[in-house]
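Listed next: structures, encoded as structure tokens.
Note that chain A is present in both complexes that follow, paired respectively with chain B and with chain C.
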Partner chain A sequence: MPPAALLALLFFYPLALIIRQAFLDDSGVANAAEIIRVLHSRFFLNALVNTVTISVAATAGCLIVGLVLALILAFVPFPGSGFIARLIDTFIALPTFLVTLAFTFLYGSAGMLNSGLMETFSLPAPPVDFLYSTWGVVLAEVTVYTPFILRPLLAAFSLVDRGQIEAASVLGARPLRIVRQVILPAAVPALIAGGSLCLLLTVNEFGIVLFIGAKGVITLPLLIYGKAIQESAYQVACIIATINIALSLGLFGLYRLAAGRLGA
Partner chain B sequence: MLVWSRSGRLVIWVFFALIFGVLFLAPLAVILLSSLADQWNGVLPSGLTTEHYTDVARGAAWNSVKASFITGFLASALALVSGTWAALSLRLQGAALKRLLGLLFFIPSAVPSVSVGLGLLVAFSHPPLLLNGTIAIVMIAHFVLISAFTFGNVSAGLARLSPDFEQVASSLGARPAYRLWHVTLPLLAPYLVAAFGLSFALSMGELGATVMVYPPGWVTLPVSIFSLTDRGDIFAGAALTMILVAATLILLLGLERITARATGS
Partner chain C sequence: MSAAAFTGSGVTDIDAAKVRGAGSNVHFDKVVVAYGSHVVLHPLTLDIAPGEILAMIGPSGSGKTTALRAVAGFVRPASGRIRIGATDVTDLPPYERGLGMVVQNYALFPHMRVEDNVAFGLRAQGADKALIGERVKDALATVGMSAYARRYPRELSGGQQQRVAIARALAVRPRVLLLDEPLSALDAQIRRNMVEEIARLHRSLPGLTILYVTHDQTEALTLADKIAIMRDGRVCSHGPTTDLYRRPPNRFTAEFLGRANLLPVTVAEAAGPKGFATARHGDAVLTGAARDEKAGDKSLLCIRPQHLSLTADSEHTNRIVGTLREVHWQGELTHLVLDVDGTPMRVSATKLPVALPERGASVPLFFSPADTSLLPEDAGV
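Moving on to the complex of A and B:
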């Protein structure tokens, strides 16, 4: 099968070389001590903690926002809600860094929100200052990855029996109770599959973090870029990449498991 | 309908509009506004101008539009051929092999794009395969990253295809090649078009792997936007982002219409 051979040469062979290179220093001599040094280094641990924090927080945000939006789109529809759902869907195809760039104009130190607040209350300094922190990255990722939750949720909601909801409501159940007891059980598989996909994508996210360009917010992909391109430290880059790939593949396995159960 | 009272529905819709406006509408609107902004020191720009677009059209940025289009087109075309081929031949395999190989074809989409770029740098920086510094390595990076999506789309289409047509063709004596070309591929066409459109869009917005491997002289749109904004030229960056967004949307909408016409829905 030529496609498999092509992928083996262009993807799996380079992947194997990354792992090999993690054990060799930049002159090609075996050096496993470097791995221990990198794993205990401050920059690596810092990036690992940042990556996991951002990923978990962004996924939680996506799940909440996605669930709220999907509930309204599916069960309290308004004229044009179908179009809005399609519009949010196109965000999947747009480059992720677009949102960061927009946030600079909206929430940056000279952005619209800060200028507005400074003019209205004649403040000396910009009052809103979350963009260049972990939370700026998290908010940007929530915007970018919510569509990935919304899509399976809307599909799951379209299968919920409307008669059941109407019966519950005629019998006097309040909307929150219907959501909890009728709708949410149907949404759980979609939430798990969408959530694990979000974890994977946010761990791998590069553009958003690069564009925010905050000194304190370094994640694993950004660290790999910095070490390889800016410092030419290929062994260090390969060590970090190996760990990042292992983390991503673990999350990918989780996603396949969840998606497989969803399909069954 | 979950909420029956009119006032309750209105409150919920206002709430929806707020989330949608802040998270999705505001970013797009503000990029559009800033790409047209003359000077922007207060809440709103002091004036509007198309200067950033004319600057972009004249400058080196135009080359990056070309680079992105050519890269996207070639990488997507290659991914389409390879993905369709893989999906078609996997259909003939046994269930276990099919699942294993199917999984392998999806793995590139799970690996961080920066690592894909790093792997290509490590693998192809020495003879006999010296590709570092060539345009080909950018195409390869994009191909690897989008191949899983093409494969996934085509496989999904194949799974929905009724085997009846092919069986009828084959019982009427059509040879495999004739059957593939005149029966299977035409039936599959809407999925092929959708797969091509999505992978083209993904390639146009790809940053992580490109930034690792791009040679001077082949700067794609996202890389170009990053270097503009990094230099502080955020208005030109916004104009170039709008061009990227417009190109992506036109591409997707156009392909959607072709697909709709082909399927007659």
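Moving on to the complex of A and C:
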């Protein structure tokens, strides 16, 4: 079987089915009005806003944490820094919900932090409850996806000519100026490529949001799951899925464009 | 006050005072640098006078770059102090030392235009816009790169990039300019031109103190007022360039700084009032410039290849005889290798007899006592 046909059978055909289903009601009759209704519905708009908010906040967090970590690991080496860099890499290999599970043990209502605080200060209720909110999801996603920024940044920093940093320093530039004017410009392609990838992955993140189960925090993937599996509203699920696919492909296109133009 | 600009072809008048550095001296006071238990720079005490070019030369791993990096602030001495002018800079970070530095690979900022590269140090030091504009213009004029201000480094040749790197270092009016193998990445022809241009630059900026690290003896001989020869983390010899070349204090210096023929001799008569001693090599009685050799001392008579002649005249009164082994014609020069009682002697000649002797023939060599130097036979350093 030609590779293109295999790809079409395994990937494009199921996608085409989803898009087709978005235009048909559950009895197979064309129903474009349902698309308009879903696009104007509160649950869809809320999910869209949540998805964009969480993915943008998580990507910003990943960029900041990844940049700081990469700068330290690359330019302020300390004993064990190489090991830590490799250890952070292993996060890429782990299922995303495992971090959420670990967060539950750490920061959950009955987690170590709350138990410790309640016991130490004789508190009647858990004082830390950010985990079950939008910010809990963002924190988990930052933890999971920071390596996707860190890895390309470390690669970019390894190519920065140390002579440029030394020349800048001798010319009178303090460390922050060197980071801003010498190191960061060299890392822009890696930042854009890593950031775009992060945005793409966080838009589609399902496991973390589901596992945290924050009240009222419904994203597009979670909404698709709810409509399709819990409510059996397949056309609604497919309409949202189609929007999700369009969003993802748009972001992927931007990522490829950025990566291609900046040589990342 | 005007001076010739730093250009290979066109000459521009610039105001030398505007780009002149403050001209501080650099003083190494028993500076030791070690990585763990491995000492890479043994106690170094050395002074570079204001406005002087000191070339540090030596083989790889001799400690010359370490010494320069200690001045720049990238290497912290395990002990000892470094002073620039009246300031003890040992504990200062590089950005507070007031230096300029040019390195082998130029280290220009690739995302900045030439003018922004040159302005970088001034902006970092908080200079105002008008001053930055003026200094950038002057520095680029000094290195003959005014026409390239809007270009990016990738649009320049290696030689042009190195000029921009020099302009960038000069724009901040450094107290001391550090040059770390600045011409090593250039090809031979451009390197020769750049050496001449750096010499011209220093003539136009006589107050600028320069520490020039290189492994290339030609660069050192052409540019330096003084040379420090490094070996195994120590200064093996230090002095005015012509003195070190003409009167090397030891075998390593003689052989590292230019080519040297070292003929084993025994001192027959110590130096008289004119500073010349008599020495014997086999049956030959030779006269050579002496230090404090005594009669009976075993010595080496250092004679540079270009000072050996195949023809006698009133000045070339010393005579030895060797067996011709090899002849290498190299255009401007012809190199001959002779065997003088087991010691290879190289001759670099611009003029040769019309009939060149055959290989294996006995050939007399003549040289002037003034072109020789006796040095201790046993001093390996």
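Just so it is clear, the second predicted complex is superposed on the first by the 259 of 264 C-alpha atoms of A that agree within 3 Å, B and C clash if a C-alpha of one lies under 4 Å from a C-alpha of the other, contacts with A are read in each partner's own complex, and residues count from 1 in each chain.
In the analysis below, a contact is a pair of C-beta atoms (placed from the backbone, for glycine too) under 8 Å apart; a residue touches a chain by one contact, two chains touch by 3 or more.
Please read these numbers as outputs of a predicted model, since none were measured by experiment.
When the two complexes are overlaid on their common chain A, residue A:169 makes contact with chain B and with chain C alike.
In the superposition on chain A, A:186 makes contact with chain C only, not with chain B.
Of the two partner chains, neither chain B nor chain C is touched by A:125. By the touch criterion stated above, A:5 is placed in contact with neither chain B nor chain C.
Once chain A of one complex is fitted onto chain A of the other, the partner contacts of A:33 are absent, as it touches neither chain B nor chain C. Applying the stated contact rule after C-alpha superposition, one finds that A:161 touches chain C and leaves chain B untouched. Applying the stated contact rule after C-alpha superposition, one finds that A:103 touches chain B and leaves chain C untouched.
Shared-chain residue A:177: touches chain C; no touch with chain B. Judged by the document's definition of touching, chain A residues 166, 169 lie at the interface with chain B and also at the interface with chain C.
Note for the complex: chain B touches chain A at residues 1-4, 8-9, 12-13, 15-16, 19-20, 23-24, 26-28, 30-31, 33-34, 40-44, 82-83, 85-86, 89, 101, 103-108, 110-116, 118-124, 140, 143-144, 147, 198, 201-202, 204-205, 207-208, 211-212, 222, 225-226, 229-230, 234, 237-238, 241, 244-245, 248-249, 252. Contact residues on chain C toward chain A in their complex (touch as defined above): 72-74, 93-101, 103-111, 120-121, 124-125, 165, 168-169, 172, 178. Contacts from chain A toward chain C in the complex involve residues 161, 163-164, 166-174, 177, 181-182, 185-186.
Those residues of chain A that touch chain B in the shared complex are 1-4, 6-7, 10-15, 17-18, 21, 65, 68-69, 71-73, 75-76, 78, 84, 87-88, 90-91, 93-99, 101-106, 110, 112, 115-116, 119, 142-143, 146, 165-166, 169, 175, 178-179, 200, 203-204, 206-207, 210-211, 213, 220-222, 224-225, 228-229, 234, 237-238, 241, 244-245, 248-249, 251-252, 255-256.
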